[in-house]
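Report on the structure given below.
Should a chain be cited, it is by its letter among A, B, C and D, assigned in written order, with residues numbered from 1 in that chain.
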Amino acid sequence: MDNIMISFDGVSKTYGHNPAIRNISFSIGKGEMSFLTGPSGAGKSTLLKLIYLAERPDSGTIFLDGMETEMVKESQVPWVRRKIGIVFQDFKLLPRTVFDNVALTLRIRWMHEDDVKPVVHETLKLVGLRHKADSYPAALSGGEQQRVVIARAIVGEPSVLLADEPTGNLDPDTAAGVMRVFREINARGTTILVATHNRELLKSTGNFIFRLDGGSLTEEMFQ
Amino acid sequence: MGGYHLKVAVSEMWRERWINLLSALSIAVGLFLIALAVLGVYNVKIVTKKLPERFSITVFLKDGLSASEVQEINRAIRKNPGVKTLTYTSKEDALKDLKATLLDSDYVMEGLEENPLPASIAVGLRRDSVTDSSVEALARKIEGLVGVSEVEYGKKLLRVIESVRKGSEFAGGFLISALSAALIFVCYSTVKILFYRKKEEIETLTLLGATRWFIRAPFLIEGGLIGLGGGVLSSLAIAAFVYAGYRKLAASVPLMGAFSMPPELLYWMPLTGLCLGVAGSLIAIGRIKF
Amino acid sequence: MGGYHLKVAVSEMWRERWINLLSALSIAVGLFLIALAVLGVYNVKIVTKKLPERFSITVFLKDGLSASEVQEINRAIRKNPGVKTLTYTSKEDALKDLKATLLDSDYVMEGLEENPLPASIAVGLRRDSVTDSSVEALARKIEGLVGVSEVEYGKKLLRVIESVRKGSEFAGGFLISALSAALIFVCYSTVKILFYRKKEEIETLTLLGATRWFIRAPFLIEGGLIGLGGGVLSSLAIAAFVYAGYRKLAASVPLMGAFSMPPELLYWMPLTGLCLGVAGSLIAIGRIKF
Amino acid sequence: MDNIMISFDGVSKTYGHNPAIRNISFSIGKGEMSFLTGPSGAGKSTLLKLIYLAERPDSGTIFLDGMETEMVKESQVPWVRRKIGIVFQDFKLLPRTVFDNVALTLRIRWMHEDDVKPVVHETLKLVGLRHKADSYPAALSGGEQQRVVIARAIVGEPSVLLADEPTGNLDPDTAAGVMRVFREINARGTTILVATHNRELLKSTGNFIFRLDGGSLTEEMFQ
């Protein structure tokens, strides 16, 4: 168990009468990079939400870094989440500047303002948005917004990175750049799980690919 | 709650300046009315305390008392707390007064063999001791003294003054407590609305690992600042009302000439606003789960 | 503005129920205070009209007038509008009254050879004609009649009553206009806030090809409903205040026994609220570009 | 000019000091289906915004169905927009039910409620969301939301359909389904312009592809 970062054991989740996840079991080792795929509405985002405690499973158990998520006390949730970087499918950017959006991850951890600035600028450079630091999300293109979300997710050097369709608004070249960044972070030890439809991302070899369909795990392959 | 939270609170307040202005104005109007109520009660008290200065008990004495007996009565009355002045009017002076009142008609009394009027002592009272019951008690006590035939005092006037004072205190107290509750509600719902409006932002912050108080701090600051703003506005309004608008009013209503304002009111109001704002925010924060 | 817009307005109001409640309550408080001011002015008018019923002009007649001369004066006074009753008191009756007043001391007058008191006519006045200036004019006119020696009337009392009435009208008018402006502002900013909150939605609607009035209709309906709601709330509050809370107040303040309320107030307030709400919405809608 | 639906003539658009569109000229014939591609921030969304009058060009002229857009009176804008169906990159769904979101397009045109219902349900079936009619957007997956936006854009049978990254949240199969729908509509005479990064969409032959880079038209090809 020591080298397992995320593990699902017979997990189900139903919204009303609508089952989104059905009896799923799998595990992802520490420092691995895996992909999650499947048609629209298959339950990919729901699976990620279960990991970052935004949803609770109806049955089954989920382990995150050795902790059973159901056992985490309400007051402990923020500390668990600070270990996780999340690229939300719907961005969830706040109506503040790009800098402030990315800095938020660090300010939440009470990092000193003097240290925040260089780290944020460094990360923005990584996603090619150094020059947009003072813009507001409303004045960015779709792809630029998505890269801000990616910057916000990785700036805190999380031990787990969950990316939900992180390249949906990116052209192939920019998407490849983001994947390079992910691999770098992964090489430094971060466990990464990417939910995506992008076949070109899936073609990159050497990773586990989980395939969901109608809430069930239909395929698990190593490429 | 460092500078970061203050910065967030202020910039959020600016973004939401319309609703904040509305809330601050609601609070200002409420505090203004509270201040008016306080001023009303305060001034009625001052007026009703001034009125009894001219108010006195008249003690009529029996005929044929010696000077020392009158002295004795004088001394006995003076012993009572609340007694300020004693003015003796002899039988002769009383007659002179009556004659002066009748003016040209004083021949009415030309045939009088004996002076029918009694001697009297006017008892002036200290302001603070003039209440309905205390004056009545004093009058009874004096009535019991040897040599006193009758005691007269403005029972009815006193009752009216008392009831005006009580009434204004009751109405003022009612208004003040009703308005305070309304103000806390305004702050509460302002902050609650802010919460609901920022529901998504708050959700995002929690997903990023923010603790409760990290999220709550700006709301507390915002609630406090809104209350403070409302208080400052109402202070300005009261000052403007007292120093400008009031003169016009006083000119057309001579009764209001004695009107005055405790200057402490001007800094108590912003303070009260601040407290109400923080109280409302705390209630709103405490009741909303996230 | 079909059923669709009403549906949208109502469902949006429910989504934003907190801010709507706050606005409706602000309007209710404002209308309540306006109603209180109206009630105040109304009651002061009633009271000041009742007081002069007991108020009269006393006309002192010269000595030695014949019955027909007195009749003549009577007739001349009665001609004036505003005169309600005339009560003649002869010299003899005046003396009897004085004696009754002096009680046991009536021997004061035993030596009188001649009755020094004049005959008089008490002139009762109709309520509506009692104002400072009209009574003074009437008094002067009577003074000019042949056989009248002197005219006395409660000049000072009349002045005080007049100034109380004027003062209450002034203060009431001031309060009512200030509060009305405040209420329009509340509706205005409520609708403006709604606009700002739904800025994105409005933008989306325009991008989909919606016309201005398609977008504006729900806001107008919302503003009207909020105003109406505030009006109904304040009507309920006034009714509760008058029929319940007022009794307690009246019990401790006997002066307020004569208090009354025009029942029209209860349906005028919701109507006023509705108009204020629509007015505020129209201003807000007109001023916002999109 | 009679058979030209959209035409740009030396059009430029700058946000502040940031040029988004630089001196662009091209034209699209009536009933054609074209694609717009280019890296993140190239100006694709801005170009579409210029067509549906959400932005005004700094210089140059744009013709839409024979009208010069700069000449359109403020009060006429709604009627021009009713001819255009738009798939927004950022969805712009209202917090109402899926049915109400799609019906909005028709209600804005004062279509009778009795007629609205069958048309909306028909269109929802087309994008595979008939069963989600009563859901709120917040309770949909990313791909489901995107299909609601597509349904809202096509339900009014517009003469022009502008789709901004319409498949960014869709798996390849669902995306292919959407493209089939687009081709059907196109066959019925609707002029279509799709801004996309999706190379698989671009591979489908027989269409014009415009390529933007840094605000300039760098390539115009017929595949």
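Quick note on the criterion: contacts are C-beta pairs under 8 Å (C-beta built on N, C-alpha and C of every residue); 3 or more make two chains touch, one makes a residue touch a chain.
Quick caveat: nothing in here was measured; it's all calculated off a predicted structure.
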item	value
Count of contact steps on the shortest path from chain B to chain C	1
Centroid-based (C-alpha) most distant chain relative to chain D	B
Chain centre separation in whole Å, for chain D relative to chain B (CA means)	69
Averaged-CA centre spacing for the pair chain B and chain A, given as whole angstrom	64
Chain A and chain D: spacing of chain centres that average the CA atoms, whole Å	30
Graph class of chain-chain contacts, one of line, ring, star, complete, other	ring
Touching chain combinations (by label order)	A-B, A-D, B-C, C-D
Complex contact set, residues of chain C against chain D	4, 11, 15, 200-201, 203-211, 214
Touching residues (chain side chain B, partner chain C) in the complex	18-19, 21-23, 25-26, 29-30, 33, 104-105, 107-112, 116-117, 160, 163-164, 166-167, 170-171, 174, 182, 185-186, 189-190, 192-193, 196-197, 245, 248-249, 252-256
Chain A to chain D touching residues, read off their complex	15, 37-41, 44-45, 89-90, 139, 141-144, 147, 164-165, 168-175, 197, 199-200
Complex interface listing, chain A residues touching chain B	52, 54, 77-82, 84, 86, 88, 92, 94-96, 104-105, 107-109, 113, 152
